[in-house]
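Can you read through this structure? Questions will come right after.
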Amino acid sequence: MEAFVKPGEKNRLKERPERPVKQELQPRVVKTPDGQEITVEPLKDYYCEAPPRVHPPAYAKIVEDLFNWARAESLWILGFGTGCGAIEMRPLMTPRFDAYRYGIQWRPTPRQANLFVISGYLSVKTLKRAIRSYEQMQNPKYVVGLGSCTINGGMYWDSYNTIKRLDRYLPVDLYITGCMPRPEALLAGFLELKKIIKAGKGEGANRYAENFDWYKANQKQVIHDWDMPDYSW
Amino acid sequence: MKDLTDRLGTLFSLGDITEKRDDLAFVSVAPDLLRAVITHLRDVEGFTHLVLLTAVDWIEGGQFQLTYLVHNRTRARDIGLRVFIDREEATMAGIHDLWPTAATYQRELKEMFGIDFPGSPRIDEEFILEGWTDIPPYRRDFDTKKYAEETYFHRPGRETFDPATHMKDKLYPGEAS
Amino acid sequence: MTVQDVLSPFTAWKNLFRDPVTVRDPLTERPGAARYRGFHKNDVAECIGCGTCEAICQNAAIDMVPVDGIETKEGDSGLRPQIDYGRCCWCALCVDVCMTGSLTMSNEYTWIDSDPDAFRFVPGVDHKSWDDAELGYHRPDGHRLTPPERIVMREMDPERRIGNFEEIVDGYSVEEARAEAERCVACGLCVATCPAHMSIPDYIATIREGDYEAGLKLLYETNPFSQVCGRVCTHKCETVCAVHHEGDPIAIRWLKRHITDQVDRDRYVDIIGRPAGETGHKVAVVGAGPAGLTAAFDLARMGHAVTVFEARKHAGGMTRYGIPEYRLPYDALDADVDVIRAMGVDIKCDTPIGDKVTMTGLEKDFDTVLVAIGLHLGRSTRIPGSDHPKVAKAVDLLRAITDGETIDVPKTAVVIGGGNVAMDIARSLARLQKQIHGEVGMTVTALEDFSHFLADPEEVKESFEEGIEIFDARGPREVLVDEVGNVTGLKTWKVVSIFDDKGRFAPTYDEGDERIHVGTMVIEAIGQAADVALLGEALTEKLEWNRGRITVDADGRTSEPWLWAAGDCVNGPDVVHAVADGHRVAASMDAVLKAKELS
Amino acid sequence: MALFELDRSQYPEAKADGSLDIDLASGKYLKLWQGPQHPGITGNMSVELTVCGDEVVEGRTHVGYLHRGFEKLMERRTFIQCFPIVCRICVPEPDFNEYCYAAAVEELAGLEVPERAHWIRTLILEMGRINSYMMYLGGQAGSFGMGVIGQWATYVRDLMLDRFEEMTGARIYHMFILPGGVRDGLPEGFAVRMEETLREVERALKDINDVMYCNAVFKKRTVGVGVITPEMIEPYGVTGPNARAAGVAKDVRKDQPYLVYPELDFEPVTGSVSDIYTRADVRRRDVHVSIDLIRQILQKMPKDGPVMTRLPNVLNWKIPEGETYIRGECSRGEYGYYLVTDGSGYPRRVNVRGPSYTHAMALLEKLIVNANISDVAGLMVSLHTYPPEIER
Amino acid sequence: MTFEWMKIPFALLTLFIVVNYGLLLTALMQKIAARVGGRYGIPIYQNYIDLLKNYALRSAITHGFMFYLGPVFRLTGGVGLLLFVPTIYGSAMFSNMSFAGDLILALYFIFFGSLGMALGAGESGHPYSAIGVSRGLSQVTMAELPLALAVFAIAVQYQTLSITEIVAAQQGGFLHWTLFTNPLAVIAAMLSFLGSMMRPPFDVVLAPQEIPIGPPTEYHSAYLALMQTNRVIFPIAKIVIFMNLFFGGASNWPVFFVKVFAIYMVSVLVGVVFPRFRVEQSIRWFMVWAVPIGIAAILIV
């Protein structure tokens, strides 16, 4: 892992004009059906703003080991197909490969998921949603980069709309190369992830919190209309 | 196809006609004639299906080519209308009232080429891109590789050698040519 | 809605009693298919590092990198592809385009790592678990992304060409040349092998683009004998051509010729450019062959005053006197010489060194001197009867033919030798026989068998077409002379081996397989030597020698500070080598002269 | 029951361009986003819903989450380099891109494709069609909470992927059809294994028919919901099964036959009223047509012969100036490539016309109005759209 | 009847058995459903791990006081329900806190959890939670109606509101079960049961494809673990009631396990093969099919 660089140090971004806040995100007064008038400030009300916190392992090693074992054996994948790799998730969760056997399930909401599978390239527009989804997941949480394009841009290496290195924007625990990786490779990846978690090395969420400024600077460099709080757990 | 282009030719003054296949022809039309021609094609000639509407950037000639491809379902043939408009003042009248679905195409052209279609629904709304501040990306003068290199991080540590140069350095360094 | 609609769905429950279709252990039970495009393999011994895979990769996933243990050598850049699996999309275009077929794919597909920088490897060098995988994608037979067949060069029919000395090959038409040029993959492996390091991929590219003037400029930057080389170059470049590995090499020589053919000869000098301003240094060149004239050309363009002394009537050296006209028309050679003259080179023909002009004189009158005297003395087999007047040396005969001297053309003749010179003299005499006697009666006997033949295959093929008999693996034993004293033929034995265990020349024969080749003349074409007598005794004494050749350093400089030597007389016979020598010498001389200025 | 009918008179009037003037501040309406992180969305896109109670007042499709700029990227790739990239435009049925692109290049470059390559291409396209439909069937049932169909459908799709793998060397992105032909012939014994797979597909289809199509609740949810009226077909550019379900018997395979379709025997599948159920039914019957076509192909196709024409050196390949449009009938409707060349080694412009472009944008926005929130997912899936071909 | 303190440890033991049985049973049901799909499904012990994992998550956020109370209410509903119904008929150890009027209390507890959940989920501020809650409340209300009618019918039939007494009345061979003595009431109740098990066709409350999982959308970590615990207790508690009221109760644990499994299986049997109703469709369905049967059951008695 490359050393974290301070924000601004590698900022090659051109000066870009400030974008006005979208109308639907501006504060407004809403009249409720019973006649009350309440002020809505979407940027505050829609998000739960709080700084991220590092949650170090809190218990004795034997307890943490037990917990890590449970975390590893119960991987709940967030149901967010960010790119084309998502198509191989379906065979994985269906009869042919039946990942449920390995304690892998999918959850439709980020609050309940622990594993975010970035299924391939991320366009800037999706990156924004992926960050939001990631931040809503609970610590500890894991990110798996699926496919070549999460490693070094893949075949979209010269595209103006996709990020090239996922590790700059989210803390990634594991990469599975391929374009796209087969379900068997995904499965092997998840089993490898289990080993990482059991060894107590799946601390991506804490890494994210520790280097929060660095990640944010990188994210803001490509997301030009940043109309959300920096962090919204 | 010949019969059709001939008939069209008698009604409108057309530009170049390219017969591509038995069931596909491309015809150049002046921008102000487009609406009349395409309405005629739709209502009289049975070209009721708007297949696509897209643009080609002929930057060397300072022009955008808009291609309206319409299809006749009963006779199974297509005609593409080419309209050349000025690249600097890229504005064109929309056809979203003829085909509601054209509004989507026009939105895309506005965003990706910067061609304006005044009055088209949600024409100024972001369609595909989000927070885009550079020139419209499908224009030829937008260099996607350069943009990607400037904006995103590439994994460092890669280096390549040209075989001929490498052989020169190894086998006959210092010699001419 | 019917009752059936309520009950029918429950049929799904029958699956409860079926075995699940799940693959029990997906990680081991599911190897990729036989054609699976999995991770890359590379047979590094086959690979030549041409970089075509890098060129075709649309993901910029492939880098050509030097690899420990793989030497850069002719025909192998020593680089090997490194693939970035953070980019690859497994389209296998690299496998499809691979020039040697060394790059293939395994059926392995699982690679997981938490270090994103780990996904880079040099297949075949960085050892991976799939290196020995038997299954996986290989380019299917007949599936080629580059055309393997060369565009056929049209040439005169044997019947038509045998009676005259007209050039045999027609040269490519513009369309043919473009098609041939399009086959080039621009790897550049040929450049290192070309003795003159001509920028081959670049000038081939100009043919594709139709920009012949740019091509011509590129040619003359590295080779003032482009017209000559375009016809008679030994084209070593084609032997290392990447396309050669699974197809015909690019016809680099013919393409070079095509460029020179396409540009009007009047335009040459304008395109090539006039020489730089004068420096005041004087250089003498002995011998107006390719080496001498190339050096003269370069030096003249650098601004030095160059005088070339040539013993014979015309400039050109062996290219004129050794190569028959049907291979190299004199006007092409003259055109190249004219270009050199136009650069301000003073070529004095009919000026042999020895009487009026001596080496001592040159040393005095000029700043530096180059000796490029070529190999003009034919060697002899020294077999019984080889001192007979009807036993001739090939070089002497060829010179006589070139100079238009009348020679006594025999009805039947036997040539000893299997090199290009043997073919040249055989085919030249065959033409004269046809002209004079109406039929060809030439026999060639070569020491080597056909699989190790020295002459170019096309020379052999064309000789056969022209009715010349060629016997391979025949060792000459005796020139047969009848009682009247006329040569009647040549006796040969079958060659068993040419070299001994240590690789020394020591032919052994099968005496039982004897053969008499009938001919009233025997021509020896077994090699040439330099005529070094002109150097004078004093100089010969002073110079260092090695096996009859002047010892020179890498720049062609002799042990005498004012004297350089180049061309066939130091390197053995080869036109393009001579050109390369000329360049080297010119650069070296120029450096010395410049150094003199400064001091 | 009139009890549950909503009073629509209170909804705002639509403006000329179809948009509504909705006063969110009134508190009467709720803004809902379905997607992009939403299990009921097809692929990675989102629908912005304005609802009043359980009814959708307005829906707006948002795409661009998968935009990679293919059309731009192709402008800086040579003709052969474009070939691996095109299939990524549509994940569930990638081969159509390969075919359309290859056909467009072949037409402009004047390449003749060997006969056997045509047959193999047709075979691949029909296999891909089955896969795409299987994907759809699982999604359609899943959108109504019937997960078991998805299990079966994905399984048979996986079997078909095995056939793809042994033939093309890849599961998803086959990269097998390239300009000039196809990479290779069929492997040994392919027809036999294909027949086994087809039987499995048929068996699964029968089960799916029993469980999904003959299902009282499924019918209740789908019959008469999300109807595409015949009047909507032309203005909204509706093609493929969506249009055929409404009785428009237009199938490019029949009307403008390409590849070897003229030599195959089939009839386009049509329905009467294009509601969710009929559309699903048309697709199910279409799978049967495809199965039949594959059998015909394997029977009729020439057993030997070249599969690839001799290409010029692809590294230096230039194509003369020209423009063309190639279309085909993919599982979702009309798929087309508009290719413009300018005589250089790179395409001047490539425009991909995916059927989802019209279906998921204008048509969906039209159909979604007055739908129940519960039906949005099902409706969206029933149009069988894949967002990557909208934004490319 | 005096309160015996000894009942508390016994009730806790019951709770322990039920929780474990519930964890295994729900996993088994998932495995059975997976079989229909042609696969193996989760390991039988998977629920334990999931539960442990969720309790072990390090971070948790709250949207407010009610948000926190939601799962607690929900769990209270489940536990309460269980504690006030006799699990094993005739066993002093496992009759829990049952008393004369426990039937009414039990009905109340069935509803209590949903209400608590509604309040908590509403607090989360997620629109999908709100939609899920409104759907949930209307559907639960509707589904309760036939159950209430059926319970009323059997209360009339057996002339008591004590579950224990109702069970007692059904002893002596399976023909004495309410199932055979008042089949209409059982049908009405079982239809209601389908409606309350959160399985298709009545899972519009959760409906992952529409309102990703509805009320619990925002719940995570320990909250979710609490709800998971409830999710294994509550259905079983509910099934215990049904078992007691309609299927003769259980006189020992093995019978208990078998009967609970069988009744649970009914909802799985239907749930796996049908899609879900829209909320108004399911309400209509209860109105058209379940309620009339319930009324008929009362009328017959």
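The letters A, B, C, D and E name the chains in turn, as written, and every chain counts its residues from 1.
Keep this in mind: a contact is a pair of C-beta atoms (placed from the backbone, for glycine too) under 8 Å apart; a residue touches a chain by one contact, two chains touch by 3 or more.
Protein identities per chain, from UniProt: A = NADH-quinone oxidoreductase subunit B; B = NADH-quinone oxidoreductase subunit C; C = Oxidoreductase; D = NADH-quinone oxidoreductase subunit D; E = NADH-quinone oxidoreductase subunit H.
The model shown is predicted, which means the values in this text are computed figures rather than measured ones.
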item: Steps needed, at fewest, to go from chain A to chain D via touching chains; value: 1
item: Winner on C-beta contact pairs when A-E is weighed against C-E; value: A-E
item: Reference chain D; chain at largest CA-centroid distance; value: C
item: Chain at the geometric heart of the assembly (C-alpha centres); value: D
item: Chain separated most widely from chain B, comparing mean CA positions; value: E
item: Rounded Å distance, chain D centre to chain E centre (Cα mean); value: 43
item: Where chain A and chain B are represented by their mean Cα positions, the distance between them in whole Å; value: 36
item: Gap in Å, rounded to a whole number, between the CA centres of chain E and chain B; value: 61
item: CA centroid of chain C to CA centroid of chain D, Å; value: 56
item: Chain A residues counted as touching two or more neighbouring chains; value: 79, 94-96, 98, 101, 108, 125, 151-153, 155, 157-162, 165, 179, 182
item: Touching two or more other chains - residues of chain B; value: 129-130, 137, 142, 144-145, 155
item: For chain E, residues that touch 2 or more chains besides their own; value: 34, 36-40, 208, 212, 272-274
item: Interchain contacts, given as pairs of chains that touch; value: A-B, A-C, A-D, A-E, B-C, B-D, C-D, C-E, D-E
item: Interfacial residue positions of chain A with respect to chain B in the complex; value: 12-14, 16-17, 19, 124-125, 128, 151-153, 157-165, 168, 218, 221-225
item: Touching residues (chain side chain E, partner chain A) in the complex; value: 34, 37-43, 46, 49-50, 52-53, 56-61, 63, 208, 212-213, 216-221, 224
item: Chain D-facing residues of chain C, complex; value: 1-2, 4-6, 8-9, 11-12, 15, 21, 32-37, 52, 55-56, 58, 89-93, 96-97, 137, 140, 142-147, 179, 181-186, 208
item: Residue ranges of chain C touching chain E (in the complex, touch as defined); value: 9-10, 12-13, 15-16, 18, 20-22
item: Of all residues in chain B, those that touch chain C in their complex; value: 155, 157-168, 170-172, 175-177
